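First, the structure itself, so that you have it in front of you.
The letters A, B, C and D name the chains in turn, as written, and every chain counts its residues from 1.
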């Protein structure tokens, strides 16, 4: 295998598609969103990207069949615009690999005639979220305006420290190659997989690209996560009842 | 030295051999199994693979003679099928190295006309094992059936997180190069070198490939490990007798 | 993108300029100093250097527009000598990358006809500084004399362990390529961003290169840091008053 | 600069010299020994080896002049055999770099007509040493005999885990390139720089290669280390006198 190996799984005739990336990251927001797009809309797996910069690993399906870990491009139809959706289980494992893989992903986008990129991710807030805002960053000022028009927020100095990893590089390298690239980041606590944040990001994309999604399966995952959170909170309460705190003692006293 | 350097030690005329890999990993199950094969059957060292991705190290034999660390291929005869057995003291030390070495190993397999691969390893259970099951993963569905027929278990979502390292890559890269590749993983606690798990894996291989092994030396190592475990348990008991626990105190009280 | 990618932003006709480097390091002394030079004097951004050895990251400006992280060269006029000032938010992320980037920086210096290099940095003392000395290291003995003449100190065995990173390499690689290279290091505690140390370094440069700077903005940042230090000290005092120490108890007793 | 850059400092006409390597390692035994050879015998610096695999660093001499970190080859005359002595302040910083540098070192040895290699190092025992034995490892059995004849010890399974780093690779790669290579390892506690262990290694080399050294300067360093050890032991005793231990209490009781 070469450093990068792009396997053609199927061909697809997309008309000026938009590249939508959702690889693992904060709260798995981008990954959840991209996978939901692929599941809910009419999609075809078109390319697999293997790389020495991915972990040396096979993933095993429910039949016990193993396949080398890779990133996948799906041709997705169903809205005003065709989509080319990038999903997978891993980002690059090293600094140089991040650059090489992001470049390869843009090559695939080029091949399919895409000149617009949305990379999806989460931005950690450190606290549980009530209302899920979507933050943005873009390759140019006119894109900023376009995104603000559908409610995306641009906040000075956020995310602090810039955007790291594939989402950042698709934006940074994309800009240098004259893609109209933007990053949509759902607010998320940062502690848990966050389907609600993924939904907020997808609803923004719906407005931008004119498609419609059913959110039932994502809501189910959100409910499951809610149950997990509730159980954790109950356990914490239980503990705080067993062990009297300073406050309890003062009250009793 | 180049990045990879394959030394021809001897030639061997093998008829459609099966590549069997056993490099260090969980419980050293694969390594113990592969070394036992080489010791018990009629075997010839045929290739050494040196690499910059192995640690910068020499190993020293009992005469004080040092040799650069490497992986070794042995031509092994003695069953229905000829074997090409891969052993060694190290896996690659870096991500890219894992891919490069696994590719080189498949090149050697190719050279000897092998088109079937069994990578051997352990799967950690976190607890001491009573009955040693062998789990499987395979490059295609018909191999899954073949393995199930000799008692290999395929469990959904196991091993969680896929198979990492050389065993995983021989399966993943092997599949891409159209090898019939499978991984046999003996259950093992994960805490200790586990000759019993190695035996379980080898007994599965015996059925699959039609050879017969004597297990005396492996049993001796298993007995030694048993002694180690017993000593650890005694020491723990001793300690718990010396230092009264909360429970003891309550009982006394 | 290649391993290194040098973007021409503008041309500038500099006459035998001096390369002045100030990338992040101890106390951010070099970075603060170089940025102050660019802000206070008449400067033009001339080159951007992108590299796979920088972190995989975009930085976002106050308008929400993202750009791939890079190092920047500025043509700076305003003194006896023209300057080529190198600034940026990151050093290389890996060992080999440090060498590759420093070589590329010297290539750019060459291109602009520079044959003299000052790399700026901080040297950690581990304690708060009253009087900010500037330590030096140079590529040859005559430079040592020149620097001592303007008050730069050369102390045996300092900095202990040599100079690591881009500042060290510009000196070391620069010497091998026959640049007149020196490193100016402001003393700094090493715990905080240190604008006062940056000023000490800049005042040395003023004498060496014959330009004049206004220090108002740097003084403001120094005052801000002073406030931070005072607050930390107050908090520490507060804590030591709330919680009686052993000593207090003895005294009370 | 390339990945490796060999600078010719001077030429020397050596007759079948022996390569002697002493780069930093356990107890700095090899480094101390090689530097002592260079200082005590008639030596000329002949080559400098620069590399991207060394740390990105300059070292500064007592005049404040900085030079890029490198390894140095010295032509050394003064015994029955000419020597080519390799010294320096660093080993490679990464796995692949270890292989590349060791190969380059053997290339230089080749260039000077050397076909014998002694790599010098320390072997950690974990306790203070009374009598400094020298352990050996060699590229072939006849070298083992030769070394045993001058008192070098070969102990089964020592050093456990083989020999790692440049000393190991010069032996391992050297053997593959048909050098007569051996490693001499002085026993050392492993906790401190150990001039006495370096002397033990050098005395072995004296017998093997027929030269004579004065050990005064090495003895002085050994005395300094002795003082350090004594001070540490005094401080420990002091502490154990201040704070009564369980044992003291029982005795008092």
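As a working rule, a residue touches a chain if its C-beta (ideal position, glycine included) is under 8 Å from a C-beta of that chain, and two chains touch if they have at least 3 such contacts.
Only a predicted model underlies this, so the values are computations on that prediction, with no experimental measurement involved.
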item	value
Interface residue overlap between copies chain C and chain D, same or different (over half shared)	different
Chain whose mean Cα position lies farthest from chain C	B
Separation of chain A from chain C, taking each centre as the mean of its C-alpha atoms, in whole Å	37
Residue list for chain B, restricted to those that touch at least two other chains	none
Chain-level touch network, classified as line, ring, star, complete or other	ring
Pairs of chains in contact (touch as defined earlier), listed by label	A-B, A-C, B-D, C-D
Interfacial residue positions of chain C with respect to chain A in the complex	1, 3, 50, 52-53, 55-60, 62-69, 93-94, 97
Residue ranges of chain A touching chain C (in the complex, touch as defined)	92, 95-96, 98-100, 102-103, 136-141, 144, 154, 156-159, 161-166, 168-169, 171-173, 175-176, 183
